[in-house]
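Structure first, commentary second.
All chains are identified by letter, namely A, B and C, in their written order; residue positions are counted from 1 within each chain.
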Amino acid sequence: MDVILLFVLIIGLMLLGVPIAIALGLSSTLFLLWFSDTSLASIAQTLYQAMEGHATLLAIPFFILASSFMSTGGVAQRIIRFSIACVGHLPGGLAIAGVFACMMFAALSGSSPATVVAIGSIVIAAMRQVGYSKDFAAGVICNAGTLGILIPPSIVMVVYASATDVSVGRMFLAGVVPGLLAGGMLMVTILFFAIWKGMPREKWQGWAEIWASFRDAFWGLMLIVVIMVGLYGIPGVTKAIFTPTEAAAVAAIWSFIVAIFIYRDMGPLRDGETRIPLWKKPQALVTAFFHPGTRDVLLEAGRLTITLMFIIANALILKHVLTDEQIPQDIAGAMLDAGFGKIMFLVIVNVILLIGGQFMEPSGLILIVAPLVFPIAIELGVDPIHLGVIMVVNMEIGMITPPVGLNLFVTSGVAGMSMMRVVRAALPFLAVLFVFLIIVTYVPWISTWLPTLMMGPEVILR
Amino acid sequence: DPAGCDDGETVVKFSHVTNADKHPKGIAASLFAERVNAEMEGTMCVEVYPNSTLYDDDVLLEAMLQGDVQLGAPSLSKFETFTKVFQIFDLPFMFKNIAAVDEFQASETGQAMKASMERRGLMGLEFWHNGLKQLSANKPLLTPEDAKGLKFRVQPSDVIIAQMEAIGASAQPMAFAEVYGALQTGVVDGQENAWSNIYGQKFYEVQDGTTETNHGVLDYMVVASTDWLDSLDPAVKDQMLTILNEVTTERNAAVNDVDMAARQAILDAGSEIRALDDTQRQAWVDAMKPVWDQFAEGVGQDNIDAAQAINEKH
Amino acid sequence: MSHRYEPRGPLGRFVHGLEENVIAILLGLMTLVTFVNVVMRYVFQSSLIWGLEVTLALFAWLVLLGVSYAVKVNAHLGVDAMINLLPPPARRILALVAGGLCIIYALLLMKGAWDYWAPFAGYQQTGGRWFPTGFIETRDRAFYETEQIPMPGFLAWMGDVFNQGEAYEKMPRLIPYFALPLGVALLLFRLLQAVWMIWTGERASLIVSHEAEDAVEDVSHMNRGD
């Protein structure tokens, strides 16, 4: 099949040392020119629209910028000190806290790469400081970051719901228990590793250190409160203030203010080792924006944004190929025509999505596959909400398996590790997610219990 | 190939943004493809790309002018960049009901609109109905005062922005994927849409209720590029256009049923729908109608008059 | 990244500073516009109706103008697992092959970027499917405006130049879309430069090499005694 040629080409180019983005883009472009009537202009348009037409991807640059300000401006170090004081002495403590941080963050953000970006740089640095290997740290974050699309809110769930006409609210509720379960399984695995392998830990430093480090990290920790309130509001006081994408921009601005005006670790109020009070240098309110320190943080964040988005944009050219050639439809059609029972059908859906997830970004794949398998699922008596959760979990796994895995790319960029090393690092925890997928597939109750409890039994139309 | 296109057939890509089997536009596009593929075997073959999998409405017309997609049916407001005449459908309370819209589109004025973008390279083929727009928010909306100070997510079009300003509300542009969440948490208070979209996007789940304002039109127009149409064999083109016309007649006649089914499904889900009495409705009309004056020049007073002459009859 | 790019000569330093400032400013503006829109909506019950559209256009500019810079400072991610198994001469040959493929990509994209942008500026597209075979008659799309981005007054001359004298009410699409031909041209230039540097031995590859850094780091880790 032509499509095998395409994938061989992609992998071959990557191994030759062609940048990932160009390997994806060049293979897809050649394929489109050979096999379809798509014009080069249309490919250029796809590249431009990768940014201009995907507003939800904006969370990526904004969160990169926020973590950039946090690590340069001393916010991250203070949070790291606080976390080490709290859990650094427990077996696997920091790694478990890292998973917990990803779960918390997943409840704030609808996207998995954004979760890795926001949590990754801080947690990986913290784990390194206590003595974990970079591989272990990156493997944990890369996997836990995928919870971003399982724990609501989730962009992928919104896409699934609109493609199949199920309730978004139900889908969100359905993600809660599986999200907690997946997070729990990762934590248990870490604990097991920690005890078995004798993972490093710090000495317990006492309550005084917890209190001192908390006071020091207060303004950084407040970011979580600001984002939580902004996204969900306070009942009786205020409605929500911003969307998950906007939250990322607010986080960047907050980190900027805390770094420059409160901690004064960088910017115009920092002079060697001294911190100048704002009242002595009020012009800093303006000069902060043009300070070389600010520029360097923006540049660093911009550079990571550029390399990651260039990959994502070229992955969208690949999506264009698959859509244009109707390849997922062909594969799904061939597999579904065989006429299987319910269990076999779910296995087939898993296989289609796992293969598809190797090469496509989640929302695009869901849009194409969901309408195909949905009617068959309903006929076989599969619950639509359950099917949705299975699909989301498959997407999670797709994000951490090569050759196209957004979380792999983002982790590689954030942790400064080679792709192959991230792949190897993620492997043990990937196995955990696989077990999780099997559980979620065969125990529908995990997905449907909470939505049924909260919203009553589902009415399945058609 | 799932559409079963054979060698020698003219492949026609039809790209749209809704589902393929429940939304009025999706149903019509699928029916058109089914009929062409059955009746024009050997000459023409339609592949439908639903759910924005190929292009969304913002770039569809660009891609069409570029020759990368042959047919599409964007909402009428997307044509306002080509000619302002299309703003007539966004003007609030221009049409009483879908029958009036139908008659206007079939009139000489409406038909002339299809050809109004010819110099830009596009040709309108048929109008497809979706339905009239309703207003929803996180509090009951019975009079325009109820909407004062609220934030409504809208498609950013000049007319809609002016319409929201006229009732003292603010228009908020927002990525479509984030609208549900924003309505749920209260980042924005409300939105306006046709029944099928309110139902399809599940907005009613996170709104206090929907007010049956019928204040605007949300219709589509099937378009193609003039270059592509000219490149077709005249007989093939005629057969395609005949099928398209028959599908249009059939589906437009059924649109009320689809619309009402969506409305009923919202009721069945336990969400409230509020009807307006004559005084309440008049208050909305009085508040919004001044917007007409702002746009009369671009739309053409004669077009507005023609629409109103038809509207009077319904 | 351990070995930072160092510009050479006054022109090199000027261009380098310019590129870095542009990247910083674009990202800063995106963030500010989005933030201001949040404040406008929540505090003033209002909105910059063009806020989202401008932010997205700046996003496209950031990435498209930035890819050439990322080539220059060798920031693009890649897979170096196989290359590192080879002896240096073979590595150099593979790097040249990879570079050639990148240039093919950029050349194809250059044609695509021009063909896409040209009609929006009233210029002609190139003919041919793979290679430009000269200019062909193209229907003018210069009338095509953005959805809501306002047209700044100082650009009023563009109506005369591009739109047959008709004034633009909104910013024409030819402005944001210009990021494509400009960005791809710069990418092509930087790729040619990089391949030349690989040829002369000044540069090893087109992708950021983490393996070497990892090795150094692993050793330093051991030296710390844990």
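Operating definition for what follows: a residue touches a chain if its C-beta (ideal position, glycine included) is under 8 Å from a C-beta of that chain, and two chains touch if they have at least 3 such contacts.
Here's who's who by UniProt: A = TRAP transporter large permease protein; C = TRAP transporter small permease protein.
None of the values given here were measured: they were computed from a predicted structure.
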Chain whose mean Cα position lies farthest from subunit A: B
Chain pair, A-B or A-C, that carries the greater number of C-beta contacts: A-C
Identity of the most central chain, Cα criterion: A
Gap in Å, rounded to a whole number, between the CA centres of subunit B and subunit A: 35
Averaged-CA centre spacing for the pair subunit C and subunit A, given as whole angstrom: 24
Touching two or more other chains - residues of subunit A: 39, 41-42, 45, 53, 55, 241-242, 245
Contacts with 2+ other chains: residues of subunit B: 58, 62, 66, 174-175, 187
Residues of subunit C whose C-beta touches two or more other chains: 52, 116
Contact footprint of subunit A on subunit B as seen in their complex: 1-3, 11, 19-20, 22, 47, 49-54, 56, 58-59, 62-63, 66-68, 174-175, 177-178, 180-182, 184-187, 200-202, 205-206, 265, 268-269
Residues of subunit B defined as touching subunit C within the complex: 58, 62, 65-66, 81-82, 120-121, 149, 151, 156-157, 161, 170-175, 187-188, 227
Touching residues on subunit C, where the partner in the complex is subunit B: 41, 45-47, 49-53, 116, 119, 139, 141, 143-145, 147-148
Subunit A residues within the subunit B interface of the complex: 37-39, 41-42, 45, 49, 53, 55-56, 110, 153, 155, 158-159, 161-163, 165, 167-169, 231-233, 239-245, 320, 323-324, 326, 329-330, 333, 364, 367-368, 371, 459, 461
Residues on subunit A engaged by subunit C in the complex (per definition of touch): 13-23, 25-26, 29, 33, 39-45, 47-48, 50-53, 55, 57-58, 61-62, 65, 131, 134, 200, 241-242, 245-246, 249-250, 252-253, 289, 294-296, 298-299, 301-303, 305-307, 309-311, 313, 409, 412-413, 416-421
